[in-house]
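Listed after this line are the structures, all set down as structure tokens.
The two complexes that follow have subunit A in common; it is paired with subunit B in the first and with subunit C in the second.
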Partner chain A sequence: MHKKQTRDILLFILGGVVLYFLSGMVDELRVYQGASIAVYVIAISSIILLTGYSGQVSLGHGALMAVGAYAAAVARIELHVPIILCFAIAVLAAAIGGALLGAAAARLSGPYLAGTTLALAIGLPSLANQFSLLGGEQGLLFDVGFPPLSLGADFTQYKWFFWIAALAALISMWVIKNILSSRYGRTWRAIRGNEVAAQLSGINIARSKILAFTISAGIAGLAGALLSMTIGTVSPSAFPLALSFSLLTGAVLSGITTLGGAMIGAVVLVAIPEVADAVANRIGSSERVTTNLPGLLVSALLILTVLFVPNGPVEQHRARKARKLTLKK
Partner chain B sequence: MDFLNTFLIGITAGAIYALMAISMVLVWRSTRVVNFAQAGMALLSTYFGFEAVSKLGSFWIALPVAMVGGALFAALVEMILIRLLVKHSSTGPIAGVAPIIATLGLLGVIRATAAMIWGGQDVRIVGPVSNDGYSINGTTLVFSPLKLLILVTVLVLMLILSLVFQKTNIGLALRASAYAPEIAKLSGIKVDWVRTLGWALAGAAGAVAGMFQTVNGNGTLSPDSIEFSLLLVSGFIAAVIGGLDSLIGAVIGGLVLGLMISFVLMYVSSGLFFIAPFVILLTVLFVRPQGIFGAKAARRA
Partner chain C sequence: MKAMNRRKLLSVSAVLAVASLAATAVPAQAAEVGVTSSSIKLGMTLPMTGTASLGYNKIPGAAKAYFDYLNANGGIYGRKVTLVVKDDRYVPTEAVAKTNELILKDKVMALLAPLGTANVKAVAASVNPARRGVPVLFVNTGFSGFADAKKYPTTYAVLPSYIMEAKIMGQYIKDNFAGKKVGLLYQDDDFGSDALAGFKTAGVNFAVKVPYASGSQGAAAAAGWITKFKAAEADVVILFGVSSATSAMLGVAAQLKYAPQWMLGSVGGDATTIKLTGVPAGVLYNAIGFSPVPATTDMKDEYVKLFSDIYTKAVPGSTFDLNVLLGMNSAFMAAQALKAAGPNPTRKSLMAVIDSKGSTFANSALVPLGYSKTSHVGLTGYWVGKYSPTGDLSPLGGTYVTYTTDSGAGAVVKSTYVRPAMPAKGLPN
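Let's turn to the complex of A and B:
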């Protein structure tokens, strides 16, 4: 066990080094996309933790991301706290929101929970228009500042975003991985497998579910703050219902129980608009088609995945290998 | 007068939500799927209705066209998507969320496709009667012939549906398949077809809701409009408030929701447009997690 942990830490460090060299080799657009991928990795892994492990559905993670983003921006603007503290505040604020939502969620199951979180995803961002502190439709500026001079003069802003996001992604993946293989992760899996059996073996179902929601929301809040860092502003329109949906899509594409697969979903989500653009240009279609093609592709992909690779590509591959092995025996 | 106006606006909107909720309940009862694409299907049917209006010129021809189109599309969705879903994704950790994800995907596909075909044009449906308010003793009510028509039509449809469910063999088959599919199958009911029928009925009901939502609003319906978002959320919330299983619950849920939203907007703040349904939903679910008319889940152990 100890050996495995050292291996994991080494893997994460290696991942960091690879990212370091990669970010030096590609152009600005790719660096920016890299930052987006890192943000999506974090957001998707929060869904994987919640849905894949604790068995709860949330269509409202876009709203929780908004909570984190607004908390970070307000802390930055009103209290001038240092940037790293802003991210911590984002996690905390979203986690509190998640705990409240989780307390309601623990009483609900399946479709009821999905619908409640759906209503939240639609309702919450519009609430920002009610308070002048939150800047209304225009939103707030969220500026993490220029990269430190010590990194060199040609170190661009996007590269700085990418670094922050990638570091946050690596750290949160590591934290989630450890949570999932801890007592809590096992508890959640037990509940997902059979709620009654879990209860009979002494698990406090409501408390574990709320805990899962809280942790997942905190991670989503971090992703929200990072997302608004890359955009530069926090506004209701940055967190539409479509965001919540695409996170779920990303999680399903990754394999709802495969934390390591979060990368797959994130890359696909970032790549789809570009692919759609290329396709639209090739067939030379009107603007109507071009703007809606990404949405169509994401949705179609979602349906196809759920029908034909329901547990994700990684899990599917593993299952196929296992089947071959038993056949050989 | 404000009070009366608020009440009348709320009850009309509520009747439309009730129709939407009924279609959610029909789908839930026939296949145990909460169809998040229901509003998308209503949107598509409304576009069918729009095409009929612009070709044939009459709302009264367009409405049945939308209903038939909606029913056929819904039946198709059940026969292809839902049957595949049951076959492939009913085991493993994905099983609980697979229907939710699949119908959300369908919603996305419908929205994007509709926006590709009809987006950007002036899609406008004019109601069959005037939406100018009646006036009593010189003061004008917001209640118009159109709103009256909507209320009456919705009431009639609900009556027909409940008669079908209670008095006909088809209704018996629908209820039996929802209650105990295995036993229904054994007693000779073609459960698969009954499920398709449930979806088709839901598609038709949703089509009416979509058409009325359009003419009751500003005459247009687009995937990005507030009217559409309301249809999406409110139908679901109304169904859940009512308990997902009960047609009467859906009707009452829809009316309660319509009235509450109307009063909150009038007397609290008009900025609470989208957050009000959420608060109402949470309040109801906190008191009764299974909805007002929902049956309590049986003990599982």
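Let's turn to the complex of A and C:
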């Protein structure tokens, strides 16, 4: 067990080093997209933890991201706390929101849970319009500040965002991975497998479910604060219903039960619009095609995934490998 | 010694070769980003899909129609103006991502007419066109803050601010409805608070003020609003909200036969957008409305005539409406700025020329432009009109009476501005 952990830590550090050098080699647009991918990796892994492991559906993670984002922005503007604390506050605030939601969610399942979280995704962001502290429709500025001067004069703002987001992604993946392989992860999987059996083995179902919701929400809150960092502002329109849906889409594309696949979903979400643009330009089509192509491509990918690799490409690959192994034996 | 000389000769000729290479390379480098010998590239982000795209998605087609006309007539000093359009679905995250693409990948010279206050703010904070020196021409929002040349040094407003509009409405009420009970419907956010500030400056006392939260407007809510206006016995009701709020209100009021004197803000008073929500344009009949540009049905106006001719040819089957006129007007103003920036326009010279000459740019509006070195205020007023049974706004008594003011404490005055004649063929001079 110890050996495996050391290997994992080394892998994460290696990943960090690769990202560090990568950020120096690509142009500014790619660096910005890299930051977006890192944000999506975190958000998608929060869904994977919740849905793939504890078996609860959430269509409202966009709203939990909004909670984190607003908490971070208000902390920054009103209390002038250091940026790292803002992110911690974002995690905490969203986790509290998640715990409340989780308490209700533990009594619901299936379509009822989906409906409740959906309502949250629609309603919660526009609550910001009710309180002047939250800046209404136009939102609040969320400024993490310029990169430290010691990094050099030509160190761009986006590279700074990328570093922060990528580091946060690595750390949260590490944390999630450990939680999932701990007692809690096993408990959640037991519940997902069969609630009655889990209960008979002495698992407190409600408490476990609420815990899963709380942790997942906290991670989503971090993703929300990071998303606001990349766009410099927090406003209700930054957290539309479409965001919650695309996160779920990303999670399905990643393979809902494989944490490691989060990368795939995140890259797809960021890359598809650009791919669509390139395709539309190649065939020289009208604006209507260009603007609708990204949605079409994502939907097509989603359908194909569900049809052919329902557990995600990573899981599929693993299963095939396992099958080959047993055949050899 | 000989060897030394040869080495010297070699190094001198090498230096000369490099220098001459560098010299020939200079003219190529002197050109600005997005400007080649044959083209000038501009970029635009706005909602092209989704609920917020209603009506606004005609703006790119309108701007492109004008640029195509301009290009067919010689362009700007022989350069063709091209426009790259990206869909931001009215989501700030998308607006930032797409603007990054426009600036970093498509390498546009300037941004034209981005839409929505939250989006323009997010772009200003994250992409930071000011730091990159990228001009953001003629933003499509009435938020007064974007006129602040210190805070947004490369951003230029064009629409009159919500504050100006409320002040002018207030003046009109004082002049025409003195002693009547006035009610106000407004959006409970910065859009509404700008309006309230304007009405306060104008000294309007409301019998009843009804706020609504953005997203809450619908038929059920409208029935509730009407109860409040009825209870206060309002004679004049101002609808200072978005199109969906206006259409919900007018639709329900028509069913309930509630008919005070309506007064509509320019944001929610566009007939085409109201029709798109499923409410017949007839509900607008006799309401009072405000606009900075001529009536879109006024074919006696040289700009409206030319722009609608160009548009109907370029986009057959599409109605020439306020969004189209404003889109073409912004394109026309951009063309003026590019032309005025000279044969070798740069981002800097483009902005410098708007600061120095922008207030004299020819354009279709009936009110003056306010650009200067210290202020990026665009249009500064409105004319007052009434809606026809088909939902078209036309001036009271057939002549345009325009009012002008500022976003501060300045008075509302009848404008003496006389619009200069349109340059020949509607091309920048």
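Quick notes
By definition in this document, the second predicted complex is superposed on the first by the 328 of 329 C-alpha atoms of A that agree within 3 Å, B and C clash if a C-alpha of one lies under 4 Å from a C-alpha of the other, contacts with A are read in each partner's own complex, and residues count from 1 in each chain.
Everything below uses one rule, namely that a contact is a pair of C-beta atoms (placed from the backbone, for glycine too) under 8 Å apart; a residue touches a chain by one contact, two chains touch by 3 or more.
Remember, predicted model here, so these are calculated numbers, not experimental data.
When the shared chain is aligned, subunit B and subunit C each come close enough to touch A:Q130. Legend: residue contacts after superposition of the two complexes on their common chain; A:T116 is shown touching subunit B, with no touch to subunit C. When the two complexes are overlaid on their common chain A, residue A:N292 makes contact with subunit B and with subunit C alike. Greater residue coverage of subunit A by touch, when subunit B is weighed against subunit C, goes to B.
When the two structures are aligned on the shared chain, A:G232 is found in touch with subunit C, with no touch to subunit B. Judged by the touch definition given at the top, the superposed model places A:G55 against subunit B, while subunit C stays out of reach.
With both structures placed on the common chain, the touch criterion links A:E78 to neither subunit B nor subunit C.
In the superposed pair of complexes, A:Q157 makes contact with subunit C only, with no contact to subunit B. In the three-chain superposition model, subunit A touches both subunit B and subunit C at residues 126, 129-130, 287, 291-292, 295. Taken together, the subunit A residues at the contact with subunit C in this complex read 27-29, 32-33, 36, 126, 129-130, 135-139, 141-143, 157, 227, 230-233, 235-238, 240, 242-243, 273-274, 277, 287, 290-292, 295. Every residue of subunit B that touches subunit A in the complex is listed here, in rising order: 28, 34, 36, 81, 84-85, 88-89, 92-94, 96-98, 100-102, 104-109, 111-113, 115-116, 119-120, 229, 232-233, 236-237, 240, 244, 269, 271-278, 281-282, 285-286, 289, 300-301.
Across the interface of their complex, subunit B is touched by residues 51-52, 55, 57, 59, 104, 107-108, 110-112, 114-116, 118-120, 122-124, 126-127, 129-130, 192, 195-196, 200, 241, 245, 248-249, 252, 256-257, 287-289, 291-293, 295-296, 298-300, 302-303, 306-308, 310-311 of subunit A. Those residues of subunit C that touch subunit A in the shared complex are 48-49, 60-61, 85-87, 89-93, 96-97, 100-101, 104-105, 116-119, 121-122, 124-126, 128, 143, 187-191, 193, 213-216.
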